[in-house]
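Next, two complexes with chain A in common: one pairs it with chain B, the other with chain C.
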Partner chain A sequence: MKTLTYAQAVCEALDEEMAKDDKVVLLGEDVAFLGGNFKTSVGLYEKYGDLRVKDTPISEAGFTGLAIGMALTGLRPVVELMFSDFLLVAADQVINQAAKIRYMSGGQANVPMVIRTPIGAGRSSAAQHSQSMQAMVSHFPGLKVVVPSNAAEVKGLLKTAIRDNDPVIFFEHKMEYNKKFEIPDIVEPIPFGKARIAREGKDITIVATSSLVMKSEEAAEKLEKEGISVEVIDLRTIVPFDKETVINSVKKTGKLVIADESYERCGVAAEIAAEIFDEVFYYLDAPIGRVSTPNVPLPFSPALEFPIIPSVDRIYNKIKELI
Partner chain B sequence: MKVKEYSKKQLTEFYETMYRMRRFEEEVFEFYKQGLMPGLAHLYMGEEAIATGVCAALKNDDYIGSTHRGHGHLVARGADIKRMMAEILGKKDGYSKGKGGSMHIMALDKGILGANGIVGAEIPIATGAAFSIKYRGTDQVAISFFGEAASNQGTFHESLNMASAWKLPVVYIIENNLYGISVDIRDVANVVDIADRASAYGIPGVVVNGMDVTEVYETAKKAIDRAREGEGPTLIECKTYRWQGHHVGDPATYRARKDVDEKEKWMKKCPVKCLKEAAAIYKKISKKEFDQIEAKIEEEIQEAVQFAKENPYPDVQESYTDVFE
Partner chain C sequence: MAELVIMPKLGFNMNSGKLVKWYKTEGQSIKKGDTFFTIETDKTNMDIEATKDSFVRKLLISEGEAVDVTLPIAVIGDKGEDVDGLISEALSKLGKKPADNNNVPSGHNNEEVKSTDDKIIDTSETDDNKRVKVTPRAKKTAMERNMNISDINIKGTGYQGGICEKDILKAEEIQASQKVKISPLAGKIAAVEGINVSAVTGTGAGNKIMKRDVEASIKPAVKAPNQNGFEGEVQYSVDGKEILEIAPYEGIRQVIGKRMAQSKFTAPHVYFTKAVDLTETLKLRKQINNSYDVKTSVTDYVAIAVIKALQKYPEVNASLQGEKIYKYKTVNLGIAVAAPGGLIVPVIKDAEKKGIVDFSEDAAEMIKKARDGKLMPSEYSGGTFTISNLGMFGIDNFTAIINEPEAAILAVSATQKIPVVVTDENGKDEIAVRPVMNLTLTVDHRIIDGLLAAQFIGEIKKYLENPMGLLI
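This part shows the complex of A and B:
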């Protein structure tokens, strides 16, 4: 085992995949000389050079489209969008192009590209740099959507994303980048569509994405002291969705809370609840609980921002409400 | 038209390609009129000299980014017209198994990276193919075809900026047919020649008569050679006109607003007819030879029409495939 920050885990995954396959190219704003706005590509420019680690102009639609053209002609581009809010600037290329090319071409072509982009509130970055866009992209067929939790998961899932032959939107959590994690010396790629039971329990299930997996584990720790046994499921990927693991857990515990940082309305939590409802209806002993971002733009002031971010306390309270 | 300096072989190839495009689309228009075609198609008729001239200067492994008005680009690259026709009718053996239609025909084996339903969206994609060429160190080039209206999209600016900054092997071809559906480019842009915008990127910008296949070919050849040699992109604006409306069924009455004879004047410059006349004047191709060419192509076209009509529709299960690997 070794200790790494989450950002270093991203960087290691990129480095190992670039060393393994010379078709892997990284491009985005400030990825080269600066080593990434969140220090996720430190040293890669020096190691792999200007053509493989490319600083782009501030042209999100342009360089995302560029990556599609690269992917169609034999490369495996990894695009960094500095904030997931910027997905909206590149939306046509992501949604109307990358997501649909395999289908529109009747399977002739595929787009093996990864878009890495950070989500999450908590830095007083206000309404245009704090959003969690995983629900929006999950709506569109043709995109795989990854929401990794800790550093080891980030590393294993990013390796899979880079080797995948379809467009993958890989959401990193900006509040985790500087945190330290214990991770194995060698991390193998983690298959998509297979959720991880992060903690076993019998009284209630919590399905969580991204940093909320760690927050759920913390809440579960507190609840255990009160005699409540919580099962924490790390969803890993929203698309593909591991329905089976979630359903089996809910059948066992009879209660479910879903924690995801996208907005509550039409959010990931709403979708998971709807996806499994038919099969767990007769097993449920309580309504399904959601912990998401309320339906307001993210505010600037910490006094306003912190109370609405999905937190350990909000997860704890929601579980107490349903038990 | 400078046919005098051209070989019979080259002129025959130009004519065959343009005539094939023209006849192909006349049949597509017939499909529409007979109610055989689902949806719509954006016809390239009138603009044939552009795809023909540009593609004649390409090698087999070069790339093309195409548009919603893309039939001509495909025909010029030698795509299978039977599979094109079948796709346009939504049939099983179409290029995209009936999932794309006229607006999304892709022929990856011919370097066509896709026609595109979003105006201007293909410009960065073709530019990315050029980045890939530079990265892999091959001598290929990428061509990005788009209309004058696409040059007002942000993707035009973003792509030309990156391609010029990094000297990418790409040639941008503007097919300026004057109208974005009904909107006259002269009412929404403050330059007469869109090619002038090239100077903003420090690259050559050239205006050519898009109705003259030899002029298009010569200009494209220079730009393509320049790109192959690592000298970076060129912006070529081809002045042209579409015989039909924006899509089949659009009467395009808006075009008579400024000049009631506008369409008639342009049709006199028909690229197919003008090449035929010039080749006859210089005795490059005889009437008998033209008859033979046309008869041969007519046979291909009728074969494609029959193939498309008889080809079955895809199985309903096909809706659910090709989303992911």
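This part shows the complex of A and C:
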């Protein structure tokens, strides 16, 4: 075991995959010379050179389209979008091109590309740099959507994302980058579509994504002291969705809370609830609860921002309400 | 049409009734003949059936609550009918404020709510107060366990106070702890005797409680002490007495106790004993038993003598109620019976209209019913005078406590052959062996003085020593 920051774990995954396969290339704003806005590619420019680690202008639509072309012609580009909000700048490339090509070409062409991009509020980055866009991209068929939790998970899942032959939107959490985690010396790629039971419990299930897995574990710890046993499921990937693990857990506990930082309306929590509902209806012992970001633009002021971010307390209170 | 269901008056002495169990919940439909609720009267539990088809709209009192007879206990009516007025009227009769009762529907229930397109929305179906909240999982769990949720008396602890799986499992646990394997006959006996079957140890197959087990627990006093000591721990009182058993003072035992204390502490008792020579009565009894297909008992003759005496002295066939003394023409004669569950007094109604043979047959039937625990409240209430006979147990003499609200009671002791002084036709005294019985009359001195009591018991003696008068 070793102690690393989340950002270092991302960097290790990139490094190991680049070392293993020289078709893997990085591009994005400040990824090369500065080592990434959040220090996720430190030293890679020095190690792999200008050809494989490329700084781009502020032109998300342009370099995302460029990466799609690279992917179509045999490379495995890893694009970094500085904030997930910028997926909207590149939306046509991501949704209308990358996601559609395998289908529209009848399987003759595919796009083995990863878009890495951070989500999450909490840095006073205001309404245009704090959003969590996983719900939006999950809406469109043709994209795989990854929402890793801790450092070991981010490393294992990023490896799988890079090796995947289809476009993967890989959401890192900007509030986790500088946190330290214990991670195994060797992290194997983690298969997509297989959720992780982060904590076993019997009274209520909480399905969480990204940093809310850690917050859910913290809430579960608190609830354990009150005699409430919480099962925490780290969803890992929204697309593909591990329906089976969630359903089995809900059948066991009878209660479900879904914690995801995207907006509540048409959000990931809503989708998961609806997706499993018909199979767990007769097992439910309480309504399905959601912990998401309320339907308002994220404020710049920390005093206004923090109360609306899904927190340990909000998860705790939601569980107490349902139990 | 909505109407009030009242606490029924099931007996002469019944002033209030305790609601033991509701079989229906608010909002449930009820059919004529369905058991609606159980009440505890002065001596028994009675199931009360619905007399018409309706809907239970409101239960005004909760289980365990006692109210005076004729006070409202529930509101029934059509689904969706406005019963708010009736409920508040009923609650004021009960001396309850609507706020006392969380379940009282608030005023808006039946208001019409208009949606934006002016359609009238019926809110009666969506009103949360009326809906029993049960989660799908709780329903499923209950179904799997063959539990009927409406029969489970539990409070939901789940989301918004709904019944969740945990509540069902808890109820199951409670039921399981209460559920005892018992044969149908034993169950019936236990119900009649008011025995708590969970305290009875079964000796049948799989520890099933059998008739013998229930019967054994009816008479714990005759249980012979085990020479080898009792099973389990021996209990001691604080001052070192070894305790055989601690039994609850409840049910029929408590009812008897309360009524005895009430009588003895309210009515000043005075006692009058007279020895009666039964030679002639026994002769008559033999003749009658030989000529009719009926076995008249000594009690029957004493009873007829009492009835005749009561006709002559109606002041004894009386009752002090509040500020009034009621003297009755009708003789409703009670005969105290030692039933397995405790003392009970079946009443032979209109006894003054019956001859010895009819009376004997009626009395025999009532006594049997009493011993079987099958008396209806109307059959053990409304008495005007009571006879208590312990003669069959060889008692020489005893005094009885008046069975309120009656004014007197006659204690009948054993007939014993004893030497008595008799006077022959020539006026000569001699000693003869005669069957003699002691009768002890207890009267309520508030309304019966010594002279009247003496005359009354003298009258009984006269009839029993010259029994031809009993047949007239």
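Throughout what follows, the second predicted complex is superposed on the first by the 323 of 323 C-alpha atoms of A that agree within 3 Å, B and C clash if a C-alpha of one lies under 4 Å from a C-alpha of the other, contacts with A are read in each partner's own complex, and residues count from 1 in each chain.
We take it that contacts are C-beta pairs under 8 Å (C-beta built on N, C-alpha and C of every residue); 3 or more make two chains touch, one makes a residue touch a chain.
Remember, predicted model here, so these are calculated numbers, not experimental data.
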Clash or fit, chain B versus chain C on superposed chain A: fit
Which of chain B and chain C A:134 touches, first, second, both or neither: neither
First (chain B), second (chain C), both or neither touched by A:321: second
Chain B versus chain C as contact partner of A:165, first or second or both or neither: first
Degrees between the directions from chain A toward chain B and toward chain C, using C-alpha centres, nearest 10: 130
Dominant contact partner of chain A by residue count, chain C or chain B: B
Which of chain B and chain C A:245 touches, first, second, both or neither: neither
First, second, both or neither for A:284, with chain B first and chain C second: second
Contacts of A:209 with chain B and chain C, given as first, second, both or neither: neither
Touched partner set for A:74, first chain B, second chain C, both or neither: first
Chain B and chain C, minimum CA distance [Å, superposed model]: 34
In the complex with chain A, residue positions of chain C that touch it: 135-140, 158-159, 162, 164-166
Chain A to chain C touching residues, read off their complex: 254, 281-287, 321-322
Chain A-touching residues of chain B, taken from the complex the two chains share: 63, 65, 94-100, 104, 106-108, 113-114, 116-118, 121, 123-136, 142, 154-155, 158-159, 161-162, 165, 321-325
Residue ranges of chain A in contact with chain B within the complex: 25, 51-52, 56-57, 59, 61-75, 77, 92-93, 96-97, 101-110, 141-142, 144, 164-166
